[in-house]
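Letters are used for the chains, namely A, B, C and D, taken in the order the chains are written, and counting of residues starts over at 1 for each.
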Amino acid sequence: MEPNVQQTPERLAFYNKIDQQNMSALWNVMGALITPEPRSACQPSLWRFDAIRDYMLEAGALITAKEAERRVLILENPGLRGQSKITTSLYAGVQLVQPGEVAPAHRHSQSALRFVLEGKGAHTAVDGERTVMEPGDFVITPSFTWHDHGNSSSEPMFWLDGLDIPLVQFFDASFAEGLDEDEQPIKRAAGDSFARYGHNLLPVGLKRASKTSPVFNYPYQHTREALEVAKRQDEWDPCHGLKLRYTNPVTGDYAMPTIGTFIQLLPKGFSTSRYRSTDATVFVPIEGRGRTRVGDKVFEWGPKDIFIVPSWQWVTHEADEEAVMFSYSDRPVQEKLDLFREDRGNV
Amino acid sequence: MEPNVQQTPERLAFYNKIDQQNMSALWNVMGALITPEPRSACQPSLWRFDAIRDYMLEAGALITAKEAERRVLILENPGLRGQSKITTSLYAGVQLVQPGEVAPAHRHSQSALRFVLEGKGAHTAVDGERTVMEPGDFVITPSFTWHDHGNSSSEPMFWLDGLDIPLVQFFDASFAEGLDEDEQPIKRAAGDSFARYGHNLLPVGLKRASKTSPVFNYPYQHTREALEVAKRQDEWDPCHGLKLRYTNPVTGDYAMPTIGTFIQLLPKGFSTSRYRSTDATVFVPIEGRGRTRVGDKVFEWGPKDIFIVPSWQWVTHEADEEAVMFSYSDRPVQEKLDLFREDRGNV
Amino acid sequence: MEPNVQQTPERLAFYNKIDQQNMSALWNVMGALITPEPRSACQPSLWRFDAIRDYMLEAGALITAKEAERRVLILENPGLRGQSKITTSLYAGVQLVQPGEVAPAHRHSQSALRFVLEGKGAHTAVDGERTVMEPGDFVITPSFTWHDHGNSSSEPMFWLDGLDIPLVQFFDASFAEGLDEDEQPIKRAAGDSFARYGHNLLPVGLKRASKTSPVFNYPYQHTREALEVAKRQDEWDPCHGLKLRYTNPVTGDYAMPTIGTFIQLLPKGFSTSRYRSTDATVFVPIEGRGRTRVGDKVFEWGPKDIFIVPSWQWVTHEADEEAVMFSYSDRPVQEKLDLFREDRGNV
Amino acid sequence: MEPNVQQTPERLAFYNKIDQQNMSALWNVMGALITPEPRSACQPSLWRFDAIRDYMLEAGALITAKEAERRVLILENPGLRGQSKITTSLYAGVQLVQPGEVAPAHRHSQSALRFVLEGKGAHTAVDGERTVMEPGDFVITPSFTWHDHGNSSSEPMFWLDGLDIPLVQFFDASFAEGLDEDEQPIKRAAGDSFARYGHNLLPVGLKRASKTSPVFNYPYQHTREALEVAKRQDEWDPCHGLKLRYTNPVTGDYAMPTIGTFIQLLPKGFSTSRYRSTDATVFVPIEGRGRTRVGDKVFEWGPKDIFIVPSWQWVTHEADEEAVMFSYSDRPVQEKLDLFREDRGNV
């Protein structure tokens, strides 16, 4: 795939000529375009929550949620600086909403996930329904739905924002608009979506065009309970421990069409076998402590730290205490496009 | 569709002649085969649980679960006697397992649902996992999975069995076998399936060939909670009140490929608008009292009574108290075959 | 699955008592309902086209297509007489349209296939489009579409009608109506459907609710050409030779939701390995001669003969000349319901 | 979506500080990331085939197909120079294979389409089967299948290569390898795939993991015939004339998972209504002459010219002669991700 082409004066002259015509020679770039294995600028990296938290509080003193529209610090992959990306295709930021604040209503093509890190009692409203958020909750704001956030508790509220901003950019498909009012009108009772869609039941005759799950809050309490029961079975995947993906109950597919979201339990003392896959992944431990080796790097982590495993780099996890990790990647997209590959080592 | 054909001696002679060749004339039967609207032998009918219960206990004294293999009284539609059918395509029976009894392990092509009517503490084991059953629970034994039932409580346990026996018969596709032992070996912890599949989560990389839900017990507690929250929204379907279908979380489709199962709440005092559909339906109120008009008949019902609405007969429900009804029909099959039709009156 | 229950006077008295209540004891019938293998009344059988043809022409002299609405002789399975069935779930008849005749427009829930046996130049009109039929053509009239037939050629036209009449009956889902006029108005050019849907192309933005293929004539010329090229590969399935199923290009699924249709080539001298499956099948050789063993019976066949293989009976085919066979069964339904099974012997 | 944030010395200092931590403030970039409408660097552009042809022949004299591995000139979008992209997500190049040459066998994650522009008799081999190519043929080399090209005719052969190179790059999912030999061994007869999969028939029991169509050559003769018949219906879409998409007969979905391919007929004198959509599209007229307005630009085109319509720019076509245009875009991806939008003006 890397033709070894000698350059002659005639050839160089030719390249110059066609360059004027918006043309270039494939044989000079084919090796860079079509690589034998993924070659990504994305780097393994870790952000400590303690540090993020301090910066966020500092930001909280510098700007209001309203002025900022969203008071978020973007986590930028060190290999992709200036691009507002945490991996090549995905975005991550940490958002702070202070007591009494509102992040005003808007909507956009970009889909967002919120993974709650600290605080209780703030809410997200989506399409006329509010949900109150607690640590470990996974909340979705589907593509082009009105959403706003508010904090009526007495504590600052922190969560991780995961969005498909680079992906929507790549497809030149961004649309967005703001609402005249800060908060959208509430039309449905809290918990209505979860009651109708989240209990292995669906409304008779439901027709749904959206590919995003109508369950817009997957409460941690519920998820944790599932892990607690499933772990009794004492069957562990050598590469993942016990790893589940969040689903859209209407289709059984991923909860979001562009972002795969996962929850994973590693029992105390468990070490995973090496694994690699093409979906660069953002990990957020929510319970426990341990370490992860990615390529040549080793990250020690505890609750709410955030780290990245790039595409096709070998990864192993080791849990010193029973650990629960949330993660997200573009795996659903790669699967739909027949691009996803994984390698489970010699397991 | 009903040609008015005169019969002449020549024609009659011809019919006799072709009859010898295993042939017959379509024009003499077309009106009966292809009717302008469904014409079914299935009749509206109701069985009171109190009466069934008495007969069951009498049966309990006459035969053991082991001798009977399954101690079940079949509910036979009065229009379809001798065919072991409650509707044209479906079967219903009521099963009793006495304290200490076992209904031995077997498996068969026929899919079964259990809807628990009375008793606590009996279990069903399916494919190496046990579930303990309580009133209102909807339990599945998928096609060709090993299953056995036992009762280690001190009370008799009654449930409704709904099977696709007539349907499997119609397709000449019955297979069955018994196990040498009464009870199958237990390989998975109780609750494991519900933990892995019933929480809007699925194991990463799951491949599943079966079209039946891996959640094999849908506990009533969980279902009732969903109804309780959803009813706050105070939005009622004129024909159904609040009606949800049980789903297979792997696909979002019905929980079973051959039988649709539903749960429905009618608020106190609610009267539904008339409705008809092509899927003859078995109803089982589990809470509340009311009445249902089917064609010219009116059935007064209370908890655990069982009644039938045949295909394409107008039905209205009226609830004197807040009522919850379980129901099942062949709707998933009709939908897959483009045969399902419904008529919501003039709503 | 066949409990060996002793009958006592008390038990017999009990059976009588519950019989009054529309109830019966499962343990007395379970062995008949849930069999270890399919036990069908459907029998292997063959009808010679020559004989059918003679009877049809006789019928042609006795009744017009218009008086009969459809001048069809039903092929009744010898094990299922009086039920207008060729297998437990399907219907077959042979239809004759004489030159100048019209079989008037009607529509019904039942789906129909036409497989043309003899004659050229008759047409079927479906939903405003006409197709001219030739031997070997497979033509669909989808559920509840207007259809009429006419013969503007100078020869009698014979085709096999395959319908899902028993299946629609079983689901109590029959609807039908006639049109005031004999022939429906023509709104689309002949060949339009095949051009738009039959060339591995589909209209941009197509939304289609029906599960039936929009290609309503699969011309034999086209099908035969596919077989002719594919046979060069000289790869034969031991049980089937070269067997293809007709598809709905919109979904890749079977061409009709309720009936699977197949075309199959056996090279000269080929003998298949034994095979059995749960879908009772109607076979129609269109070219070649050979014999088929079904259970203990052997049928010698030539072009246009029609024979039946019931569910789960071993079948082998032997071709004396290169043979092409059309066939149909309820396999798509059984697959959708997780009921289909096949056994390829020890291949 | 564009918060108007005042920058203060404290804020600027804060930005500097977090920059060291691989963090940045969302409020400074949100307006650029989440735009109210697509803002793309991709520009409308046209390349004349005559010019391309001359450059290609010049390249033919400078380098052999074997030395170049693929002798291709990339068409680079003027707004995306240096990135080997014709739109933000797709690649286009023109390939020349001279008589007697071979472009050696390799395989890669990137999917490719070939749309034949000039010449007859060259072949593409894919997974052991060869197809001979003619002008207007649309040929697929699916992801990670071995493929090589050869020209045993006496004329140079030109085709357009459309690949998803930028997309595979964006997902960091490139794999590739070469074969030791120039040409792969041939295992299947020419035409076998089209016979088995391209005639509205599929092999019984087919299981297929790939999302790409098994029909790897869609011959223009076949496609043109479909257009010729369909145009008789004289029904035109105001925005598209008669536009069809190539399909994967196994699923009815697009022929390739990452690239949508289309064929479109405009009758003589037809002018389309304005239309815009989020999928930037590469157009290649193969018959006829006309002009296309994209935003403020107007392109006059004839056979084999190649032009680009970027995302969300208004486009109208006008045909001076009956015209047929091939086109491709990332529409299937956008549809799968719920990102696709179109605007049909006020039609």
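Everything that follows uses one rule, which is that a contact is a pair of C-beta atoms (placed from the backbone, for glycine too) under 8 Å apart; a residue touches a chain by one contact, two chains touch by 3 or more.
Chain by chain, the UniProt names read as follows: A, B, C, D = Gentisate 1,2-dioxygenase.
Computed from a predicted model, the values in this text were never measured in an experiment.
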**Q.** Over-half contact-pair match to A-B, picked out of the listed pairs C-D, A-D or B-C
**A.** C-D
Q) Using mean CA coordinates as chain centres, what's the subunit C-subunit D distance in Å? A) 42
Q) What whole-Å value do you get for the distance between subunit A and subunit D if each is reduced to the mean of its CA atoms? A) 30
**Q.** Rounded Å distance between subunit A and subunit C, as computed from the means of their C-alpha atoms
**A.** 51
**Q.** Chain-level touch network, classified as line, ring, star, complete or other
**A.** ring
Q: Please give the residue numbers of subunit A that touch subunit D in the complex, ascending.
A: 1, 3, 5, 8, 10-11, 14, 17-18, 21-27, 29-30, 33-40, 42, 45, 47, 51-52, 55, 58-59, 62-63, 67-78, 81, 84, 88-89, 91, 93, 106, 108-110, 143, 165-178, 210-212, 257-258, 278, 280, 310-312, 330, 333-334, 336-341
Q. Within the complex, which stretch of subunit A touches subunit B?
A. 188-189, 191-192, 194-196, 198-204, 213, 215, 218, 222-223, 225-230, 232-233, 237, 240, 243-252, 255, 262-263
